[in-house]
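Each of the next two complexes has subunit A plus one more chain, namely subunit B in the first and subunit C in the second.
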Partner chain A sequence: MIKGFKFDPRTKLTVVLCISTLGIIINDIFSLIFILVLTFLIAKFFHVNIKRSFKNIKKLLYLIFIIAIIQSIFSTEGKALLFIGGFKVLSTSGLGKGIQFILRMMIIIFSAAIIGTSNSREIIQGFVQWGLPYDIAFMVALGIRFLPILTEEVKDSLIAIQLRGIEINNIPIKKRISIYSYIFTPILAGTILKAEKLSIAIEMRGFRAYYNRTSYLVLKMSKWDYLIIFISIILTAYIAIINFTR
Partner chain B sequence: MNSLNFIELRNLYFEYKEENPIINNINLKIKKDEVTAILGPNGSGKTTLGKLIMGILRPTDGQVYISNKDILNMTLAQIGSKIGYLFQNPEKHFFSNTVEEELGFVLRLKGLNEDYVENQVEELLKLFQLEYLKKSSPLLISQGEKQRLAIAAILINDPEYLLLDEPTTGLDMERKDILIKVLKELNKKGIGMTIISHDHFFVEELFHRVINIHRGEIIYDQRI
Partner chain C sequence: MTNPIEINNLYFKYNANSDYILKGVDLTISKGEILALVGLSGGGKTTLLNIMCGIIPHIRKGEINGEVKLWGKEIKDLKIIDISKKVGIVFEDPDTQLFLPTVEDEIAFGPENLMVERKEIGNRIEKVLKMVNMEDYRYENPNNLSGGQKQLIAIAAILAMEPDILLFDEALAQIDDDGKKRIKDIILNLKRGGKTIVLVEHHIDTLDLADRVLELQNGKLREFKGW
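Coming up: the complex of A and B.
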């Protein structure tokens, strides 16, 4: 049935909402591992390219690991695992919290990748048909559209700096941080200018968030969409109840 | 390889999508002291070729050598120290808050003497008629001014070679003449350049060799 079948973006949004809710409310590491495996399977089911998603968030993964290490260092409860100079650097509770953080972030990131399999126009329509005012739905979609632009701006600025002969990876960390903070303002200003130009361009083409809108694209849920939404909600509620009553 | 061959492309192949090559098996040797013009219609692969030479894009197949060194073994900074690259979109160059900072930023970061940096900045501001914009944001100046600033920002680094992607976009005749004069002076000093352009008048004033590319292949290559 599923091969070549196009799911409604509302189904994907519901699934993502369910998975991320479970990722947040569950604290047990083994349950989180189970949810993560489930996330991978569901993402695969929605044709997410897992390998490419891993590649895209490679740098973010480093950051997640660093935050997890810092978090584990500052949680001092539990049995000590590592001492440095008489200080408890790593404890069982710290390690547990670090692992929980990594698993949670992975669940949220990979479940969010499911939304990426629908285009922004379909997502707006999904929100609108859910009853969200068009202006807000449009703003959300524009926000999603601007994220890759912001990433591109940062990448371009870093390429431009390096092409001017600066070995950004070899300079001391303090100087490197000052470069990043230095380029932050023009990148932000550039993005705001682009947003302004975009708003002028769309208004010039007669676009406005009028109260009455006619949409060429109308989403229609199939029985498979209803089935998946039903299973997702029931399963989420079941796992959540088991988790809280255990 | 001849010692004068500064850039060498060997069986260069690049594609964004499978089976759809943007650069299709290009073999090319570019001499250091020459001005080489790369011409071709929109979408012929000129900018992609420039980005492959600079290491911004990685070839799907084949190699790029700069001074006999495979650029896969070089960092962007090492390539950028040898070749000054002008992006097709000058805005991609800018990462500072003011025009003055944009020019002096790299020299200051390299720890050069402040008087020297200021002199260099003033000289280039004057040459490219940008003095009155010194305190302006690079993002809020006109297209022609952005283009002049981007070129000035490259030249402040004293590159051995220049790769200019559409350097005349947004420039009026007077500014084009100034740019031609500056580039001719640089060429006299032994700085070679590759100019990717649509502007036949501009390249005719400068080039020693012209290369035409079409659908990622060289269809014409002639020295004058």
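Coming up: the complex of A and C.
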């Protein structure tokens, strides 16, 4: 059944919604670890390349760790674990909150990777068949499409600077920041220009020509999709009830 | 008989500029005609094309004087949505024309907006992909294609909408010789089918398919007598 089988994007969206909800409502660290492991297993089931996902979000993980450390420093409740100059830097509660934050973010990020196994058109159609207006679903997908364009613009500008003889990695951070500020304006201007051209191209292809539109792609759910949606909702409700009644 | 495009004494300048870029343009294009526009870069060819398809004055603003009519109706009075049903434009840069994850989705987008039936959309996708010889790329992500291939898909996406007027803004610049020959054949076929085509071109080898070649110089149109 699984090999070569294509799940409906609505199934994936439901699963992601269920996992993320659990990740947010659960506070217990061990339960969060259990949800994270479950997320990895489910992601694997939907053919997510976990190793590649880790690579893609490596920089984001650093940021998550830094935020977790800052959060643990400012949370002073609980038993003190580390003092610096009489100032309580780390407490049991702070450490717990930091770990909770890391686990939550990882659950959300890796569950979101499941959506990435469908293309944006399928996801738009999934939302549309759920009743969301096409315009809104399309605009969200278009916004997401712009992220790689922005990254490309930044990369191109950095390469252009390096080709002029500046070794961006070997210069002090202060100078590096000022170089980034130089390229910020042309990148922003270029992106706005591209966005304008894209919007003109969309309008010239009859976007919003009529109140309704036909759809060449029509999603159809199989019995496996219904089964997975049913299991996900029941399991989420069960775990949530246990969590709140304990 | 009403002509698809009629322009009388057209003056235009962008808000940011002090000088007019178009200074008294007169042009009538008849049904089934292929017109080529040539001229120096920055001479106003793209501006003129943008006026013909309503991007100016509906999306891009500026000072516009004179008459621009599509099938006898003033372009100022037509909505951009109504114009898009009749006029298709292919721009120079394919990257800003393709925004969906597969070639199939890209081609289906226009007809979907125009409420074409599903079955008919499927037929059109097959037909236009065959026309541009890109049938093997139907389920590819356009981002993974070369510049020339992307441009062929952009052209196919416009052809699938079956507009009466087709505008090509240096759209053949990135396409290789084989692709160019194919597109030229398509354009000639469209002409036979009664479509009106306007090409903005720099390459002399593309101009041979035009019924008329006009040069835009100093904001005015005149007969092209060679470089």
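Just so it is clear, the second predicted complex is superposed on the first by the 206 of 246 C-alpha atoms of A that agree within 3 Å, B and C clash if a C-alpha of one lies under 4 Å from a C-alpha of the other, contacts with A are read in each partner's own complex, and residues count from 1 in each chain.
The rule is short, and it goes like this: a residue touches a chain if its C-beta (ideal position, glycine included) is under 8 Å from a C-beta of that chain, and two chains touch if they have at least 3 such contacts.
Keep in mind that this is a model prediction, so the values were computed, not measured.
After overlaying the two complexes on the shared chain, residue contacts for A:215 are found with subunit C alone; subunit B is out of touch. In the superposition on chain A, contact is made by A:201 with subunit C only, not with subunit B. When the two structures are aligned on the shared chain, A:190 is found in touch with subunit B, with no touch to subunit C. When the shared chain is aligned, no partner comes close enough to touch A:230: not subunit B, not subunit C. Applying the stated contact rule after C-alpha superposition, one finds that A:130 touches neither subunit B nor subunit C. No residue of subunit A contacts both subunit B in one complex and subunit C in the other.
Contacts from subunit A toward subunit C in the complex involve residues 119-121, 142, 145, 194, 197-198, 200-210, 212-218. Remark: subunit C residues 53, 55, 59, 80-81, 84-85, 87-89, 91, 93, 95-97, 99-102, 104-105, 108-118, 121-122, 125, 141, 157-158, 161 touch subunit A in the complex. Residues of subunit B that touch subunit A in their complex: 54, 56, 75-81, 85, 87, 91-97, 105-106, 109-110, 137-140, 153-154, 157.
Those residues of subunit A that touch subunit B in the complex are listed here as 156-157, 159-169, 175, 179, 182-183, 185-187, 189-190, 193.
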